[in-house]
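Two complexes are shown next, each including chain A; its partner changes from chain B in the first to chain C in the second.
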Partner chain A sequence: MHNRRPARMLATLTLAGLFALAGCGTSGSGASGGSGNTGGGSAGSGDNTLTLGVITSITGADSEFGKAQKEGYEVALDEINAAGGILGKQVKLVYLDDKSSAQEAAKDVDQLVSQYHAQIILGPYSSGSALAVVKKADTYKIPDIVPTATAANVTQTGSKYVFRLCATSDDYAKAICELLKQQGDAKTMAIVHEDQNFGTSADKAMVNYAKQYGFEVVDDESYSTKDLDYKAMLQRVKQKHPDVIYFASYSKDAVALMKQAQEIDLNAKYFTAAGTGFSVGTFPQDAGPAAEYTLAAGQWDPSAKWPGAKEFYDKVHAKFGDYPSYHDMEAYAALYVAKEAIEQAGAYDGQKIRDALASLQMETAFGPVHFDSTGQNAHPVIVTQIQNGKFVTVFPSDAATGKLLPTPPWSQRK
Partner chain B sequence: MFLQTIVNGLLLGALYAIVGMGLSIVFGTMRIVNFAHGQFVMAGMYITYTLFTAFGLDPYVSALVSFVLCFLLGMAVYRVAIHRIIRGPEMNHILLTAGIGLMLTNLAQMVYNTNQLTINLSYSHRDLVFGGLRINIAYLISFLIAAVVAALLFWFIMKTETGRAIRAISQNAAAAALSGIHVTRVTMLAFGLGIAVAGVAGTLLLPIHYVDPSVGDAFSLLAFIIVVLGGMGSILGSAIGGLLIGVIAQLASYYLGQSYSDVLTYVVFLLVLLFKPSGLLGRSRV
Partner chain C sequence: MKRLRAWILPILVLILFALIPFTASFYYQQIFFYIFLFAGVGFAWNLVGGYAGQLSLGHAAFFGIGAYAYALLAPHIGTGPAVLAAAVLSTVSAAPIGLICFRLRGPYFALATIAVAQLLLVLATNQFKGLTQGAAGLLVQGMVPDPSLYYWVALGFMVVAFAVTALLATSKTGYYLMAIREDEDTAQTVTINTPLYKLYALLVSALLTGVGGSIFAANLGTIQPNDVFSAAISNQVVFLAILGGAGTLYGPLVGAFILEFASDWLKNSVANVTWLGDANAFAFFLYGLLIVLVVMYMPAGIVGTVAKWRKGRAAHVHAQRTTAGV
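Our next item is the complex of A and B:
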């Protein structure tokens, strides 16, 4: 068997490569019933339950965020059912897993429509998946409530069926710039972002706002969350001596980036981030001391002034033992928004629910909700800092629960 | 900084090299197109993760456990599945091993879920400093273990009777059988050995990289590139190929940006194949 020519070998390898690509998308499970899903059937017709479809990342790279979202949905579901459900019907949620992939998320929309006759969709988690879901939901003419995806382009597809609860990557960049302007001692900035929809959108937003606020962007780096090592990239950043570093990262990469920044002694006056990996409840413990002093733009904190915020925090902690972040809260609020819209529509009907959403005006534990003509909710952004392993809100001043601490160089930390 | 980048590249490359060396025996020498190689690396990572979280066993100790378990797993997989199609066309190898890979991926997903798991070692982000050069301790230990494994493997293939038998089979299985070599047993042993080395690679990777069920695909591709780049059937070539890819990736990341490291790696790979189709240390086979 040894007399093979290289060309033949290469052909074999190419085939093998194709298999690798095909293999990527074939793992994983399908629908996972969150609370007694028994196959759904036609929702809202006759029987006394209403089945609503949720798409999130139960498995895959974004599973930490998917877990957080599921906790939020579950708490809202318990409350809503205890209070009599929606339109007098008990609610069931069916969770479809997008496996942290945009293609899967689009397929999930098909499944929700064909199998569960969905008239509204909640989710998904990531910006990449959200873009796919929004486009798909538009073809079915059913509304999609986007709880967490921040990339600007999610509401820019021209769809009339997208309703985004959270603030965008533009709002994150603006909040960080406002805070830096208030501090007054930063001039140069480096941006380090993951290379998918979320990261590139956050990057674009920050390049734009940094210019407006007069910060010089001295370095702009992109990476893949699959990379083994970020030290060479961080060395590039170190050479430019930026006052500020702005990260747009998911979970494991955020941890690795900060640990490796410490390892190579990369110092900055401000380590800032577009929320996400730097805001998730597990970040302070996973990154340990390397997480201290990092600033993250975020959407909500249990100290928020809206009624129900603290209660939600306690409920999630009691039920799941986790410390909820804004990802949990956005999912929680999304289900309440769906409830309100369906009840205002008076029927489980996609078009009527869409119209109700478009004119909706309600108070939630996440803050007031009202969607503009593009489907965007004007939600205020806060900035939190990790101090002694806890998230402390430091910006804006009317929401702050603590003072911003200056970031010491790594060599001067204990 | 140039020197530091080269050093980092060599340290990273040692990990690539050991991923490649396992496949070098299976694919380079025995000509079994093993598309589940990355999944066996993943298996080593999960074994190490489990031992660490359940018993607090240091990953560099569990390298030995990974080696033994993956060796047995590899031999079993060979005996049960691959042996049946070993004389068939390469397409069959691909289909079968890709299937085994999918099974392993989904098995991992059933047992461990798809979360990205990491272990926290006190020294995984600690550096030794030698006159301005920083060397990460976890990488250094991995480098040394990789070097020992490479040396042992080289010695085993080149100097022992079994190693000679493996080389004989790779040259001509029929003649090897005629001269009294138990072809099935030796092939099974070689396959087990390759998988064992993949398992060790997984162990060494875990302190610096997360493990999830899909992590294997990237390592399979990487391993094939390293084996072809180094030269089919040359274990030394795979070691050099791995180191070279590590250095190129780091140089590209530092001088051009992180997103160029894959681009430059493949450019160099194509250039090598263009000018030396048999790979760096490969014998010409045409």
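Our next item is the complex of A and C:
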């Protein structure tokens, strides 16, 4: 065996690596942005910026939602900086990509703490990554504001440092059941969900609530978002003739599911969904006529009564040309919640910010924010229906901007 | 004397590794954690994929079994015994997997290993939801009291994995495995019990990979099937071994080093070059390009190519000396 020579080369490589490392370790370079690297933690350094760390999915399966979140953060950042920043400092955001994976998300927390002295974490996007981020933030004893991850277990790790802005998959299921009860003509239900953390949680919640509200679950199907041909599964659903179908889907799969439901003539009185793919701004365009009449439990709509909602919608559209959904809004609100908490704490200090968050009471364009003892914000869920390519809020009645329209069979649609 | 000199550099490297926690931030300690962890799993893969030449594209199967065995058992039997259990269970599971997959050769073997890992991913996600909590994920008990200690756990794991593969590779078994890689039929005709030795390599490989999985789970603190049974894990292990040099002793470590730093650099530097447009996608493209270039122009991997090059130069110098002598 010629061990020696590779060994020498290995040593050279290691040395080179260590030199590179020394460079990275001391200067804190290597992540996005040039100035303000020493930002947040170094109070009194004369540096007049505050660097906050955001973890989201810029690449990978959830990148579409990561992009939406980034737009929300950017609009909030512009507003906050124009109004004088946080604690008199201009704010800079560092976005770290979790590549839609829990392993990367956990590493991102390490990077934010090591290189940016983060005292608070914003993000990530998905429920799968959120669990890992919550565990990590807990070991550093710094708070994590979770804007979008709806899976129930995110706030059940026992951590005192997790604060979730959005309503959960339980709330989605409950809102849909309430609406169906009010309608009174549904008895049977089929659940179709993607098989990752979000879909699994949504499924579990709906099975539970369907039982409570007296709906019979006649079919419960799971699928992988990696496949995009769901016709065989939808045929099985069709054979059970459910009154209601409840989907828990991300974006591309939501479009494929509805288009294929139309193709195989799968009819139901109510096509309902746990928001997400059925709530993104592009869904009505992408799914076209197949999207009509679908009902989605969601967190927010531009028509919401809270001040700033419509303005936010217009700002995102003007700046990025996109149609923002609640994913954008939750990120936007998260930065405002962080601002409020840091200012109430009076210092950029993890423990103080956590305590401020625990007792926070504030109004945002996303609605009132107040976290309970598990770190969950009591956010109301709305149900929207797509009517003529537009999202119309139909439930609850005090938030409704239109009437729920009955879903005609595919054969009777134009 | 020569044998002694061969040890100097590895020991020096090890001392350097031991110094890192005193100079590097916790983030870089975590990067080294993953380098050591995946280098260790790469060493394990190397026994089967490098020395025995059986291209396994499904090592995530053993990685995941180790991770779940640890996650499920640690709260009941304690962390130490849970690691042992992870080792035993992944080894035991390798026996039927080996018996099924080794009936096939070449690309068919590779495809069978992908299928097994994929099957376990689906089972852990859907069928055994009661046990694994499916994609909702499990919380995992830590292995050590302080997170910074995982650096040492991974370093220790890598050293053990290296020692095991080094001992095996330089023993009679190692030469048998290489004979199988070069020509399985000929190996059989010279009375090497090829199925037995292939299985033997796989069992040792699975044991080490399972332990790697348990360390991964403990460090992350939470696992879901997609984190540990995914093709991404299998592929990463294969890429780093091939990049560094499959069938070379140090290849997996060199490969793990380069892949981890390349991925970190791409994520943080290239990803923020705004004129590239969707720069993150471009980062993935560069990552892929690196792998394609290595496979095309350095099929022996970095360590293999450098060793060949130096051997060639030494021979050349030797030839010059002899001609000059004439």
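The criterion applied here is as follows: the second predicted complex is superposed on the first by the 367 of 414 C-alpha atoms of A that agree within 3 Å, B and C clash if a C-alpha of one lies under 4 Å from a C-alpha of the other, contacts with A are read in each partner's own complex, and residues count from 1 in each chain.
FYI, a residue touches a chain if its C-beta (ideal position, glycine included) is under 8 Å from a C-beta of that chain, and two chains touch if they have at least 3 such contacts.
A quick note: this is a predicted structure, and the numbers were derived from the prediction, not measured.
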{"item": "First, second, both or neither for A:Asp229, with chain B first and chain C second", "value": "first"}
{"item": "Which superposed partner A:Ser201 touches (first chain B, second chain C, both, neither)", "value": "second"}
{"item": "Contacts of A:Glu64 with chain B and chain C, given as first, second, both or neither", "value": "first"}
{"item": "Touching partner for A:Ala378 - first (chain B), second (chain C), both, neither", "value": "neither"}
{"item": "Which of chain B and chain C A:Asn153 touches, first, second, both or neither", "value": "second"}
{"item": "Chain B versus chain C as contact partner of A:Gln103, first or second or both or neither", "value": "second"}
{"item": "Doubly contacted chain A residues - partners chain C and chain B", "value": "1-7, 9-10, 13, 15, 17, 20, 24, 58-59, 63, 99, 195, 222"}
{"item": "Interfacial residue positions of chain C with respect to chain A in the complex", "value": "5-6, 9-10, 12-13, 16-17, 20, 23-28, 30-31, 34, 125-126, 129, 134-137, 139, 147, 169-170, 220-224, 226-227, 232, 245, 248-251, 253-254, 257, 261, 264-265, 267-269, 271-272, 280-281, 283-284, 303, 306-307, 310-311"}
{"item": "Chain C contact footprint on chain A (complex, rising order)", "value": "1-11, 13-15, 17-18, 20-22, 24-25, 30-33, 58-59, 63, 96-97, 99, 101-103, 106-107, 110-111, 113-115, 128, 131-132, 135-136, 139, 151-153, 157, 195-197, 199-201, 204, 222"}
{"item": "Chain B residues within the chain A interface of the complex", "value": "1, 4-5, 8, 12, 15, 31, 33, 35, 90-91, 94, 98, 101-102, 105-106, 109, 113-116, 118, 120, 124-127, 134, 136, 170-173, 205, 208-210, 212-214, 217-218, 220-221, 224, 228, 232, 250, 253-254, 257-259, 261, 273, 277-278, 285-286"}
{"item": "Contact footprint of chain B on chain A as seen in their complex", "value": "1-7, 9-10, 12-13, 15-17, 19-20, 23-24, 26-29, 58-61, 63-64, 99-100, 195, 221-224, 226-233, 235-236, 239, 251-252, 255, 259-260, 262-264, 286, 288, 290"}
